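Before we start, here is the structure in question, set down as structure tokens.
Chain IDs A, B, C and D follow the sequence of writing; residue 1 opens each chain.
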Amino acid sequence: MSGSSFGELFTVTNFGESHGPAIGCVIDGCPPGLALSEADIQPDLDRRRPGTSRHVTQRNEPDAVEILSGVYEGKTTGTPICLLIRNTDQRSKDYGNIVQTFRPGHADYTYWHKYGIRDPRGGGRSSARLTAPMVGAGAVAKKWLKEHHGVTIRGCMTALGEIDIPVEDWSQVGENPFFAATTQHIQQLEDYMDALRKSGDSVGARLYVEASGLPPGWGQPLFDKLDADIAYAMMGINAVKGVEIGAGFESVRQRGTEHGDELTLEGFASNNAGGVLGGISTGQDIRVSIAIKPTSSIRTPRQSIDLAGQPATVETLGRHDPCVGIRATPIAEAMLALVLIDHALRQRAQCGDVRVDTPAIPAQR
Amino acid sequence: MSGSSFGELFTVTNFGESHGPAIGCVIDGCPPGLALSEADIQPDLDRRRPGTSRHVTQRNEPDAVEILSGVYEGKTTGTPICLLIRNTDQRSKDYGNIVQTFRPGHADYTYWHKYGIRDPRGGGRSSARLTAPMVGAGAVAKKWLKEHHGVTIRGCMTALGEIDIPVEDWSQVGENPFFAATTQHIQQLEDYMDALRKSGDSVGARLYVEASGLPPGWGQPLFDKLDADIAYAMMGINAVKGVEIGAGFESVRQRGTEHGDELTLEGFASNNAGGVLGGISTGQDIRVSIAIKPTSSIRTPRQSIDLAGQPATVETLGRHDPCVGIRATPIAEAMLALVLIDHALRQRAQCGDVRVDTPAIPAQR
Amino acid sequence: MSGSSFGELFTVTNFGESHGPAIGCVIDGCPPGLALSEADIQPDLDRRRPGTSRHVTQRNEPDAVEILSGVYEGKTTGTPICLLIRNTDQRSKDYGNIVQTFRPGHADYTYWHKYGIRDPRGGGRSSARLTAPMVGAGAVAKKWLKEHHGVTIRGCMTALGEIDIPVEDWSQVGENPFFAATTQHIQQLEDYMDALRKSGDSVGARLYVEASGLPPGWGQPLFDKLDADIAYAMMGINAVKGVEIGAGFESVRQRGTEHGDELTLEGFASNNAGGVLGGISTGQDIRVSIAIKPTSSIRTPRQSIDLAGQPATVETLGRHDPCVGIRATPIAEAMLALVLIDHALRQRAQCGDVRVDTPAIPAQR
Amino acid sequence: MSGSSFGELFTVTNFGESHGPAIGCVIDGCPPGLALSEADIQPDLDRRRPGTSRHVTQRNEPDAVEILSGVYEGKTTGTPICLLIRNTDQRSKDYGNIVQTFRPGHADYTYWHKYGIRDPRGGGRSSARLTAPMVGAGAVAKKWLKEHHGVTIRGCMTALGEIDIPVEDWSQVGENPFFAATTQHIQQLEDYMDALRKSGDSVGARLYVEASGLPPGWGQPLFDKLDADIAYAMMGINAVKGVEIGAGFESVRQRGTEHGDELTLEGFASNNAGGVLGGISTGQDIRVSIAIKPTSSIRTPRQSIDLAGQPATVETLGRHDPCVGIRATPIAEAMLALVLIDHALRQRAQCGDVRVDTPAIPAQR
């Protein structure tokens, strides 16, 4: 209700501020019996954490996760799992100059008018740092989805500003600082980012994320459609301004004969649906694209107003990502995992004993 | 949880199937004291209903709404408002031939695998007919938003297949069968649809919807962000495959200096944010674009399988919209209204007594 | 949130007022494949309906239920089931004299101060008539619980005013107007009620309801405990002022050696727990007692105030039950069924694939 | 859904196990601008903590609370408040002998059958230790209720086993180890507990808790009634087996002329309603009584079975409260506060701008 919990059956409640003592989350509804330790969670956090290349913020945070509850002798017990991440590199003085003004494109102005009070240290609760606990929870969800349903999730960057990045080789995603699924363009991307950083500006990005291995039948028919919940999850990631499922905006220009994915015994003939029809999974890959806006915290001076309602010029110092999209791939993967596990559990509740004689067809022919 | 309720505080629970006895909804949480009668609701239903032009399905449904509860002497009492719409033009025999097969691009296959049973009459619950009760509930929300906050909502079509439609003159939206905000292109659109219908095919569309007059401060900071809830609402409309807020996918190529909307005492200098920053309204117009896929029910024969798992050819007879996007504008408006009223009430709960000394700046300069 | 929906996974949304056009409910989350027709629901409604003996209100309502959705060819489809009951015997003039005053012990005063408006016709939404849709929904729940888990539910009256009624013979419950599980006392109860009615007064009652056949494992550990949800459900029935599980208030005086139910291979040695330990079912019978206050609408003049804030004398004419507890047994059974089905579905979601090697012991030895 | 969150608008999510690294909670929905520090919370935790007299468990836990988020410069910001309490005196070896058996009257058996796994250390999640975070959250709720509405809450013990304790002098509640509102009986209670402890047995208790100062209008009309939510909250406290509102079970024997509280300009003439009519507050004191069963962990050997399904004798060593009711008063107060703040916020959402001309009458004449 107040916007800090995600999911209905696998519910993640997030807490913390960028420069407070700690951030974390409580996962309620994780099924019992899943083998789990910090070692299952830390790798995804490490993929998201700052300071891993010169193209991201230099804030030095190990983002070391501690499991405070819900695990006994290495297995989940079905009770809430609290993940705690202590903040260690807060430098609140970096932000001193923005306490009295509202940064354009940032949540300063809206928090102020909503609450009448805001924590300006590092953006407080509006900081993308709060995605870290979600990445942690997503790692738990991924593990369960993999073990119980063979579902796998992966993502990559498909555009950095005006540079389109092809999806050619998934094995490369972890081999470059951009989560690019290619060996091409890497130097071009490096040069582009170096120039951007020098200019004191920022840029947007486009990401692609997909899930494979789902059975047909996950999702709800009217609201809480699988694609609606994915759109909700993705648009809720900091800086996201657009979401597409399957053919996305391309479907505007398609004909029905082109868009509708034919079914054959060997599998679906295409995947314009992006794996969802009528809000329910088809068994095809779930295909999602998101648009991420350029970072609003930039060094270039910008026009704004201050708390007293007077004109002001804002120039953001401190440590910022010149493209927040770079670190967003593990976040998008995590959010997709959280949507999927929730619907997997809902399906179990609703139709746990349904038997369908008609066999499901392969995801693709 | 099971996907038939929308909203947390202004909660709309939808029921019914396309060819069952009735469709409708229960609105729980409408504030008391709002003057309300069927006459406030019927006009929006009439904008959405079938049979209004040759470009939409010829099913003849008056969609007459009846208020069963929650109103006393012409005013809402704060208790649930049940809206009932009897189905009057069911022709279930039209669908006889699709009972045994799965239409490509349609929810037949997914419902079957989810539930092990489906109501094939007119698509059952997966029919876009189920948006009618939401349009009814949206009319109630619109009225309250207008009276209590001066918020207004409007929408139009911005592309029909490959034809882009400019937003030039909002007064024209009700004057043509396409919800086009222009006097241009109308003949071109008529001809395009006539040819499409003859070809037995269907096409997609792009819609734009906006809300004006919101105060800053509506929305939640982490999940249930105002834009996330809008994305959820829009992606949940039948056939929607993409959602953009503000600059949307254009923001991928923008620089931070271009995207971030500067604040001046005379108002915001631009609106790339689409009225939302950090998940919370800025007071600017809420700007949303959606992509709608081509209708999956088409007369052209298509390849599929049947319930016995054998190959089959599917040709959909019956009455269908060749472009479901045409009737979707009132639906998108209604869903936006439902998101906004929910957040208006949440803000009242959370920060009902907050006073902010800094005045809000105008929506635009 | 606004108090008209019950249950998390098997969710019943109730609508209507006592003297409006109709009352009803929408059940969302009923599993697919359950054989269902009005004939499964009407018998429980008939047990609760008015006019069945001289000891209850003479309002003549057939309470005929119509299923508007969610059932196809005699089976539930997994989509929302709308139950509609038209009101047919409204006599709003009976209530004319209470529009301007607040009846002692009634919700008139509280509704007025909450909403600033109220529907005074027959108590509007505060009428016990709104339990009818819950009895309908409960019948659906009972059928599913019986078929899927062998769970049965039954209830009876255990005290009418100062007359205690023993639970001796469950076969008698349907054979007398009091839901008494005995052949004793019936004449005494008849005489008692006749005298009470003549005196223009009303009286309280005590009911007992139990469920048998549950497996161990239903319920949640911290909140949403099975007993907490039962207490919530029971206290929510009109006029209920107290709830006991198992030994109830008797447990205050018990020793641990007496209260704790020992486990033996032949079954539990006693059932002070009432079938719930730590919020989770033990497999023993669920045992619940409730206290129902005397009807607040009585013919005896009482002291009150009016809308203008002036002293007033209130005398309630119209048709009322002199003991609302008499018709409450089917309501309590229905609410217990609704709690149980919800937890049955939750357990499936949370622990659907858990296998416990230790066999469950019998409910009792 | 999974039973670790309490409240709809002021939502408390609880985590932790008795002998894990930490326990705590996340409060989402606390209004912004409330002055708050650990010093506001610790006193209530100190009233509940173990080791304060010889009549309660000797586990030595300071229960020192740390605020991890949601407070900036001494004021709540409207974002989640995480309260963390580190466990410091775990002695898991004390419980070694019960890992293989199920204690009668305890949640061992039900957890095992629900989850297929359980954390046996100190009862794991079923321990009453998990009420500590709720007492912490309740302290926040109490402070807001006091400051914003002048609501005060207090509780006391009214029976210890067969000894009834009168409510004579509220000032005495903090002056004796039993939360008794009297100077009488204290020595008798001391002696009684000493004898009980020596006998290796345990006993039940009865508590009373009340809230004063509410306006009329809090609560929902059908479900989520104020009294239903209170019953849910109270029955959810460990070991509670019965709940009464106002006259409670006494109302079974009352006549309508006796039970219905008359209204006069000087105030209500009585308070059998316990401050709630039709689920909504009247403005009178909220009056609640609860029954607490005897502790199930006792030193006296008891008959049970073990994990292998064989007969076993269970004798609980370790440190336990011989009457869990003794420390339950602050818990009951906290749960009542949590219910009330939730409904205060709901009322703001639903009827935030309602004005009622009729003045409310005093709580009592």
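Methods note: contacts are C-beta pairs under 8 Å (C-beta built on N, C-alpha and C of every residue); 3 or more make two chains touch, one makes a residue touch a chain.
Not measured: the values here are computed from a predicted model.
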item: Pair joined by more contacting C-beta pairs (C-D or A-D); value: C-D
item: Identity of the chain that, by mean CA position, is farthest from chain D; value: B
item: CA centroid of chain C to CA centroid of chain D, Å; value: 26
item: Inter-chain centre distance, chain A versus chain C - centres from mean C-alpha coordinates, in Å; value: 45
item: Chain A-chain D separation of Cα centroids, rounded to whole Å; value: 38
item: Residue list for chain C, restricted to those that touch at least two other chains; value: 1-5, 8-9, 14, 29, 32-33, 78-79, 114-116, 125, 221, 346, 350-351, 354
item: Chain B residues touching chain D - in the complex, by the definition given at the top; value: 1, 9, 29, 31-33, 78-79, 148, 221, 345-346, 348-354
item: Touching residues on chain C, where the partner in the complex is chain D; value: 1-6, 8-9, 14, 102-107, 109-116, 125-126, 130, 159, 161-162, 201-206, 215-225, 227-236, 238, 241-265, 269, 272-274, 276-283, 291-296, 298, 300, 302-305, 307-311, 346-347, 350-351, 354-356, 358-361
item: Of all residues in chain A, those that touch chain D in their complex; value: 1-5, 8-9, 11, 13-17, 20-24, 26, 28-29, 32-33, 66, 68-70, 72, 75, 77-82, 114-119, 121, 124-125
